[in-house]
Structure formats: structure tokens, C-alpha cells
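Here subunit A shows up in two complexes: once beside subunit B, once beside subunit C.
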Partner chain A sequence: MKYLGIESQRPKIGVFDFTGCEGCQLQLANKEETLAAFLSCIDVVCFREISSASGEGFTIALVEGAISREDEVERIRWIREQAEVLVALGSCACFGGVNRLKNDFDLDEANREVYGDQPKPTLPVRAINEVVPVDLEIPGCPVSKAEVERVVQHLIWEVPFRFPAYPVCLECKQRYTVCVFEMGELCLGPITRAGCDAPCPAAGLGCWGCRGPAQETNFEEFLSVARERGFSEDEIVDRLAFFGGFRGIA
Partner chain B sequence: MLFRCLSKEGFRDLVEMTLETIEVVGPKEIGRDKDDNPIHHYLPVSNPDELDFDYATTEYSAKTYFLPFQENLSTYRFDEDDWTQDIRYRIQPRAIIGLHACDINGLLKLDKVFARDFFPSPYYISRRENTFIVGIDHEPCEGGFCRSLGTDTVTHGFDLFLTDLGDRYFVAIGSDRGFGALQKVHAREITDEDTHDYLTERQRLAGLFQAEVPVHDLGTLLDIEFTSEVWEKWGRKCMSCGSCAMVCPTCYCYGVMEKVSMDFERGVKQRQAYSCNLVDFAEVAGGHNFRPDSTTRLKYRYYHQHRGFVEIYDEPKCVGCNRCGRTCLAGISPVEVITDLQMDEQT
Partner chain C sequence: MSRQVTVDVRHLTRVEGHGNILVRIKDGKLEEARWDVVETPRFFEVMFKGKDFRSVPLLAARICGICSISHCLTSLAATENAFQLVIPKTAAKVRLLAKHGETLQSHLLHLFFLAMPDFLGVPSVLPLLETNPKAVEIAIRLKGLANRLCEVTAGRTTHPVSLRVGGVTVMPCSDELLDLRGELEHSLDDLAATVDLVKSFELPEFVRETEFVSLKAEDGYPFFGDRVISTDGVECDAANYLEVANEYVDANNTSKWTHLSRGSYVVGALARFNNNHEFLHPEATRVAREMNLEPVCHNPFMCNVAQLVECIHCTHEAMDLIDELIATQPGELTAPVEPKSGQGVGAVEAPRGILFHDYEYNHEGRIVRANCVVPTTQNNANIHRDLSSLVTYFVKQGISDEALELKCSMLVRSYDPCISCSVH
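Showing the complex of A and B:
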């Protein structure tokens, strides 16, 4: 495949999953209209969802999921050693994701609650970057395939790519959504990084912050906006904790 | 100006006739907010009954029918070592019926930038010229301050402008196109009674519009107050979300980006609306940001509206619709910011 007369090196890509729902991996196999083109410019050497190929020798590792077991720690270290570029894929990999809610409970108690009298070995949930260095993070629950495509184009041909610096509100306005605050709903849009095209407010749900904080967040003002509209501390804290993207800020 | 009188049925016929050939856009109720107030958008309608002329305001201005939030400027196709470019302007005609004076004044300001300045935009001009505009008189919306800016009335920039006289419309004709449309529905010459009723209604409406905030000498005031604490006060609240510029009928800033298709055979150059309140608005090559603080960014938004634009075009780039103030979750509204500046200057 050529771009502006230059033949590409099909980079070898490995896709790996850790603690998560496999939704982000599934996104990779999504968007049928461009799937063939997507797969023809990369060489997938390891990907359970769409190929039986498995092997080493990948230069780019796309990693889904958070780290929550000792064996996962070892596996992510091995991947880090093999990969030239390690990309964290999705909110679980970037922030710990919904899994991180577990950290608010006593670990043994949580284990018993879920697995009864057959407890599993477990660790407090960590994002990939809390265990090994990460080169690039694509947040989202799940990731947007369009964004993944642009990141892959960037990695192969250095096509310029930047995540939006601004918050979700801008994209929300650009699709003419009526602000959910006007409907009495809470929304993390003003502090969450855009790039998803604001589907949740459009569906009337408000943003849950799956993409983590925007480049700059006015957290103080956001809190007073939410409080003034009668949302309780618990509601606000729960919302901020949901995907783990706001730890350190919230 | 030329005037005609049109019965309500005649107006209905006009809308129906227009609908037969082109898209008709107008104020449409799309739902209610948590306090049960109606919410209106300018949207395509399929029959005259969907047009709700009792609307107070819309959350979004009509500017995006002329400057869409996203627009493809050109598309490319790559072939081996060559490439071809395809540029398309939107030429399908459309009618927008029921715009208030402020929004037509907003278009007149955009005209100055995109149709008459050094770099006229064919994208804008083709949309503007192919849009039939019908304005309508109305009672003031809550929180608007158009009267202060002289944008509560409008003398051109439309094809027709309606004043509701109960059983009929008093119609100002703003173009030959408007004149032709009225002929098709047999609008009649105006009588002394029509004129009398029109003047009475105009006077009633004019009495309802009050100047909310004095804006003469605002440019000078802004210079005097350049280092005012007022910018700190409001700027610290700003969440740099850009919502204000998106809903504003006159904000036109944009970014341009290029995207390549996944098969690397096609590319597209896209324009996307942007806002001077966004954190990287003034970031340049090398990563230097000329306006890293929300306080400076907010200040320069007001500077563009009420000083920079005035210097070039002799009028502010604001029609006082207060859409920005209503949409801002942080409660930043022009009337309050300007009033604060004026009080600051007096102390």
C-alpha cells in the first residue's frame, strides 16, 4: 500500500488483553467499511478476536485492560520488553476503568462477594502506566475505531494526529444537543476530553468521563456548577470515580 | 422600502409553495427543559404548522446553515504519484423562515467577513445567496440586550420581513426575489389602515425593548480596563469549553485539518468551528501558547467582539442575543461582564 508515492512497512502489531471486557478489541474489528483497508496496512501477529495468528516479533503492542493479577504484571512487563511502541487501548488500560471501583473495597471482601468460597488471586487494580511506561494512550470506553485508525496512520506514516485538547462540550454543541444540565442531569462534559463526538449527552445520559480529563480542566468551577444545580457530593464523586480517569484531580 | 400586505392564508400558501421545491427551515419546538419551558431549534419543517413563531429564542443560532460546524473544503484522490482535487459548494436553495432581527443582523456581520472582505469565501457566499430569508418581528426575549446594540431592528439582509398584525402580515420587501415570491401569493398593496396598524404595532414593540447595558465607548472602556480584576473574576470561572462561541450567531473562528482515508486513496480537508476560549486556540508551532490562561482568553473574546471588530467594521461583533450567556454553565454573560467593567471604571 502506497501513500504519496511511498510504500509502507506493514508494522507487526500485537493485540493483548488484560482485565477488561474485550469491548475495545472488538472495536478494532468494527467499522466494516474500512476493516479490510485497516488490516491490510498492518500485520497482525497476535490477536485473539480476529485472527488465530499468535507469535512474537511485534513492534507495536495495543494493550486493552487494566492490571489486576500478579501474572498480568509479568505478562505486561514481557510485552513492554518486546514492543517498540506500547499503546494503552481504552479506559481500563489508561485509567484502570470501571474495574478500579474495586479498589474502594476491602480486597478479600470483594473477592468473596464475587467468587464466593472460591476466591481468585487478585491485586488492587492499576492502569498500565502504573506498571510499565506507556508510549501512547487512547482513552474511551470503548475506544473509537476512527481514532484508532488515525493513531495507526500516525504510527505508520507520521500523518499528524493530536487528541482534542478541549472538553466534550464543544463536540456536544456541534451536534446540537440540548445540554443535559437543562434537563436536570449531571454531565462531566465540561471537564472530559473530547474526541468521542459526545454520544452520551446526545442520548440524554450525560457524560461519564470515560475519556478522562481534558488538557486543562477547571475542576473548581465544575464542582460549583454541579453543586449549584443540586447534585449531591455522593453523586458527583461517584460519577468522577466511575472510569478512574479523574483520580488525582477529584 | 417596499411594503405589501399578506393574509395569514396567503402566508400559509407561500410556505406550502416553497416546500414543494426547496427545504424550509424555521423555529420548531423540540422539547421542554426541566422547568417545562419550550426549547426551540431552527430545523427543517415539513408543513407550515411546524413553524412556531411564538418562540422566544433558539438555543443555537441560524449561523450553521451558512457556516456549518464541520464542512469539507475539498476532497482528494491519490493516484500513484499524482492527485486530483474536488471542491464543491453547497448550491441547493433553502428558505429560512422566522428569523428575528438580531439573527439577520448577525448574518450581516458575517457577510462583512466572508462575503465582502479581502478573502471572500465561496463556501459561505454560495450558501448565503441560495438562502431565502424571511424575518419576523417579535417581543423581546428574556436576557437579550439587542436594543443596547441597535440590533433589535434590521433594514436589509433578508428577502421578506413580517410584522404580525393579527389577521394579516405587514411585509417589508428586501429583494427582488422576495417581491417575486409575494406576487405568486397575491399580496396586496398596503392601505392607510395597514400602515397605521403597522406603526402602532412597531411602537408597542419598540416600547418593550429596553437598553440593558450602555455600550457606546465600550472599545475605550476595554482599553482602560485592560488589567482589570474583572477579567480575573470571570475568567477564573470559565471552563474553556467553547459552548458560547458555538451558539453565537457571529463567532466564526475555525480550524482546518486534513484526514486521510484508511486505504490511503482519498483525503479530505475539513473546516471545524473553533473558539478563542479553548485552551490551545493561540498555540503556535513549537508548542508556545500565547494565551495559556482562561482569564486572558475570555478577555480577548470580549476584545474581538467589542473592540477589534469595531476597529475594522465600525460596529461590534455581537447582536446581544445572549445565547452565550444562557448556554454558559459558569454563568458568564456579556451584560454582567460589561456592567462589571463599567463599575470598575467608575471606582
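Showing the complex of A and C:
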């Protein structure tokens, strides 16, 4: 693939998945209008979900999902050893995602409830960066393919890439969405990192914070506004815990 | 015959999630043929506990990235049944349209990206970008349209945002709907080309009799419904799903197994076709005939064809739904929601088969108990049993070891298993 007349290296990419729904991997095959171009500038050597070719020697690993079993710990360590750059793809990989809600329960009891007297091996859910060092994190449930494309451009051509520092509210305003607080809904938009184009408030749902905290947020101010509007502590805490991105803050 | 064969596929490729195939033949005798799901279990049924009814459909969607709309809709149906709610007619139509978008997206992903490479002798769709660009272009166009349909009706292609308890929050505007209508009509040419393509595939002629379970058609080919039927003559309310699935735990699998009238049963496109073919759109019926798909079909590889037939059905029905939506006043989009304590079961035909969610709520609208029975969970035991017959059948015909491994892999892929779903 030539860019400004210069032949660039197509980086060898491996895509891997752990505990999650595979929705983030699916995004890689979406955004059909640029799919062919996207595929022409990378060399996918390993992507079990769509290919039987099991090439090794990937330099960039895109990793979806959280870690919740011993074999996953070993597999992510192996991937870390092989890859020059390890990218955590999606909220499960970055924060543990919804899987983390499992950690609120006693695992033996959970096992009994689901598998009766034949329990299956399981561990408390951890994000990738709690097990191995991660170079780049692309949050979102699911990730935005446009953001993945920008990160890949950054890795190949060193095109500058920065996540927006501002919160979801800004993108929400750009879409002229009526603020859901006005309709009596809770929204984490004021404290959540933008970059998704605010699809949830646009559907009247409010933001659930899948992308984790924004860089510049006034958490205290948010809490007092939410309380003032009559949302209960339970409601606020549940919302902050949903995707696991606000641990340590909330 | 003193043949020794071992097929040992650890983490089968081109399926969603992690599963293994193991076949051992010693001195020409089949010792073992296994399909084992080893995906990390996720414990959603436990995570549902204590959750507020507004977050329940969002959590349900995360069970599966490919069929998030189905999980969301089944979850909504379970909650709405528990709260004894009836959703407005328009909302039901928008939901069905979203459902068709998902069925198309999921079936097309399977046919072109996961199954087609086997029939064209390549490891993935990627080399076809150069050798067979026409097929890839068609795939990308069709899949793009299916995703747009989901986006317009559910707010997003993966993990919907505008489907909520009581109805839907967004009515697509008529301009968007008209655009989609035109594109759907246009896509019939691409679907016709896909029919020609799939006709050129050599589908293995393998048959093993089994039981097919699906929702029962009440008004049209069923995607939502209250009654379950099977080709062995079972008929019951979806609320009695426990008596249908009879889930049990297998020592080698993190997915549970199920059985009904026999040792195992099948759900999915082929089951829906076998049980409800007379309710298909006439164009879909014509294509089924053209492709020699006849009820009751017991060849698991024909699931690929049944998926394509359903794509044609869904495309026509989506066009009709859009016409209806444009012709009528939208009216209310959501019914008033009042949480109640009680139990509710939702049943939906997800792309891979019948899906049940069952919730019990307390008076605050928080879940006290949840249970989900997922399509691939219901298919796993049948895939496992198919494998032994398939291996015996092809070994008798003197198949090579390599070809046997491919046939086994293709068998599993025909079911389009969604493994992370099955270990929810």
C-alpha cells in the first residue's frame, strides 16, 4: 500500500478474544464502506473468528475480552511476549466490562447455581492491564470502528492520534440531542470520555459510561447534580458500575 | 481395515467462540467423536440478579455481539410479560424490522465470511478480495445494507440503544425508511447472484434423522411467538420451555446440553424451515425449491441453504413492513411501564434458533432469578451426535484424513454456532 508515494509496511496483525461477546471483533468486519481499504493496509495473520490461517509473527495484537480463567492468563501472557504492540479492544478488555458484575457474587455459589454439582473452572474477572502491560486501550461497548481505524493509521503511519479529552456531552450537543436529564433520565455523559458520537442519549437512553471516565471531569459536581435531580445512590452506583470503567473513582 | 486416524482440532476457526473437535479411529473402528465447547463460562444468569429492569435489556444484549438485538428483544418480552404489558403496534413493527436486519446481517456474515471459504478452498474471505472480488463486493453490499437496517431501527448495529421496556424510543423517519426500501428492492439482484453462488457449492450429502424445534407460526413465518413445536409432534407454550430444553451439564463442556423427544434436537434456520415452510414469502419458497430444500430436511449442511432462503424472506417482509409503517400514523411508541413482582418468559427466534429468557422480578422491578436457554446450547448435543455418524459415513467411503477433518469442521460450521452465547 502506497501512501504519498512511499511503500509502507503492512503490519502483521493478530486478533484474539477472551471473556466477552465478540461484538468488538465483529466491528472489525463492519463499516463496510471502508472495509476493503482497511484490509488492504494491514496483514491479518491470525483471526480465528474469520480465518483458518493461523500464521504467527504478528507485531500488533488486538485483544478483545476480559480475563476470567487460568488458561486465559497463560494465553494473554503468550500474546504479550509475541506482540510489539498490544491493543486492548473494547470495555471488556479495558475495564473488565459487564463481566465484572460477576465479581459482586460468590463464585462457588454462582457456579452451583449455573452448573449444579459439576462446577467449571472460573476466576474473578480482570481487565487485560491487570494481568499484562497494555500499550493502547480503545474503550467502548462495542468499540467504534472509526476509532480502531484511526489507531491503526497511527500505528502504521504515525498519524497523530489522541482520544478526545472532553466528555460525551459535547458530542451530544453537536447532534442537537435534547438532554435526557430534562426527560427525567440519568446520564453519565458529563463524566464519560467522548468519541462514540453519543448514540445512547440520542435514543433517549442516557449514557451508561461504556467508554470510562473523561480526562477532565468534575465528578463531585456530577454527583451533586444527579442527587439534586432526585436519582438515588443505588441508581447512580449501579450505573457507574455497569461497564467497570469508573472503578477507583466511584 | 486397519486404519488409524486422529482428527484433533483445538479451537475450530471461523465460528464464534472456542470449541474443539476430536475424532479417534483405531484399527478402522470409530473409538470416539466429540464436539466440545471449552469457552470460558460467563455467569450472566447470576449477574442479572438484583438488576433494575431498565438495565436488564442492556445487560442481556451483551450476551452476544452477533445477535445482540435478539437477546435484547427476548429480554424485553420476558420483562413485558412479567409486568403484563402490551406494547403499541407501531413499536412491534419497528422491532420486527430490527429483527429482520439482524437475521440478514447474521446469516450473511455466516454464509459469506464463515462458510463460503470452505467451498472455495481458501482459509478465509481475505484471499477472495483478489481472486473473487465480485463475491466479496456482493457480500459487503448486502451486509452493509443489513447493518444500516439495524442502525435505523435499533439505533446501532451491535448492542441496540432504542429498544426499551414498553416499546421503542425512536420512530425512523419516512425518508430513511424510503431509502432503505429502495435499497432492499435493489438488493434482490445481489441475493439472486448469491443463490447462483451457493448453488455452485458442493454440499455434502449426509443425512441423520433428528428432531427440529422452533416457534410455531401464528401470523406468518415466526420470529416472535408464544408456542413451540417440533417435528416429533411436541407442541406447548413457550412459558413451558424448561420441558422443551431439559438442560443438563456435560463433564467436557462449558455449554449445557439439551434433549426433548430423542437424545438431542436442532434449532435454527433449518428447524424454522422444516416446521413453518408454508408461511414463507412465495419468492423464498421458489428459491427453496430451486435449491432442492424440501421439508423435512435432515441434512445439517442444508442449514446454509435455509439461511439464504430466510434472507430472501426477510428482505421481502422488511419491504412490506416499511410500506405499512409509512402508510400509517405512528401513534404511541411506548406503553406506560409499571414494575410488578412476578415471572415472565420471552421467546424469540434468534438467527441461530429459538431463544428463551425467563425472569422473576420483585415489586421494585429488580430481578430475583433469571434463566436463559440459548440456541447454540440447544444445538451442541446434536452437533456432537452428528459427528459420529458423519465420520462413520465418510470413513466407509474411504475419505482421506485431511478431507475428513474438513468435513467435520464444515459440519460444525453449518450450525453457525455462537459459542460465547452458549456459555452465557
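Operating definition for what follows: the second predicted complex is superposed on the first by the 248 of 250 C-alpha atoms of A that agree within 3 Å, B and C clash if a C-alpha of one lies under 4 Å from a C-alpha of the other, contacts with A are read in each partner's own complex, and residues count from 1 in each chain.
The criterion applied here is as follows: contacts are C-beta pairs under 8 Å (C-beta built on N, C-alpha and C of every residue); 3 or more make two chains touch, one makes a residue touch a chain.
The shown structure was predicted, so the numbers you read here are calculated from the model rather than taken from an experiment.
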Practice task
Look at where subunit B and subunit C land on subunit A after superposing the complexes, then choose clash or fit.
Solution key: fit
Handout entry: Touched partner set for A:Gly23, first subunit B, second subunit C, both or neither
Key = second
Exercise for the section: May I ask for the angle at the C-alpha centre of subunit A between those of subunit B and subunit C, rounded to a multiple of 10 degrees? Expected result: 110
Handout entry: Partner touching more residues of subunit A, whether subunit B or subunit C
Key = C
Exercise for the section: Would you check which partner chain A:Pro190 touches, where first means subunit B only, second means subunit C only, and both and neither mean what they say? Expected result: first
Practice task
Could you say whether A:Ser144 touches subunit B, subunit C, both of them, or neither, answering first, second, both or neither?
Solution key: neither
Practice task
Considering only the touch criterion stated at the top, classify A:Phe38 as touching first (subunit B), second (subunit C), both, or neither.
Solution key: first
Handout entry: Minimal inter-chain CA distance - subunit C and subunit B, angstrom
Key = 13
Problem - Shared contact residues on subunit A - subunit B and subunit C - result: 40
Handout entry: Residues of subunit A defined as touching subunit C within the complex
Key = 18-27, 29-30, 32-33, 35-36, 39-40, 44, 47-54, 68-69, 72, 97-99, 101-102, 105, 110-111, 113-116, 118, 120, 122, 141-142, 199-200, 202-205, 208, 235, 238-239, 242
Problem - subunit B contact footprint on subunit A (complex, rising order) - result: 1-5, 34, 37-38, 40-41, 149-150, 153, 157, 159-160, 165-167, 169-170, 173-176, 178-179, 181-184, 189-191, 214-218, 221-222, 225
Fill in the blank from the handout: The answer for subunit B against subunit A in the complex is residues 30-31, 33-34, 39, 41, 59-60, 69-70, 78, 80-81, 236-243, 246-247, 258-264, 272-273, 275, 278-280, 294, 327, 329-330
Completion exercise
Seen from subunit C, its contact residues with subunit A in the complex are 11, 13-17, 40-43, 45-47, 49, 51-52, 55, 58-59, 62-66, 68, 109, 113-114, 117, 123-126, 129, 136, 140-141, 143-144, 147, 155-159, 161-162, 164, 169-170, 249, 251, 254, 420-421
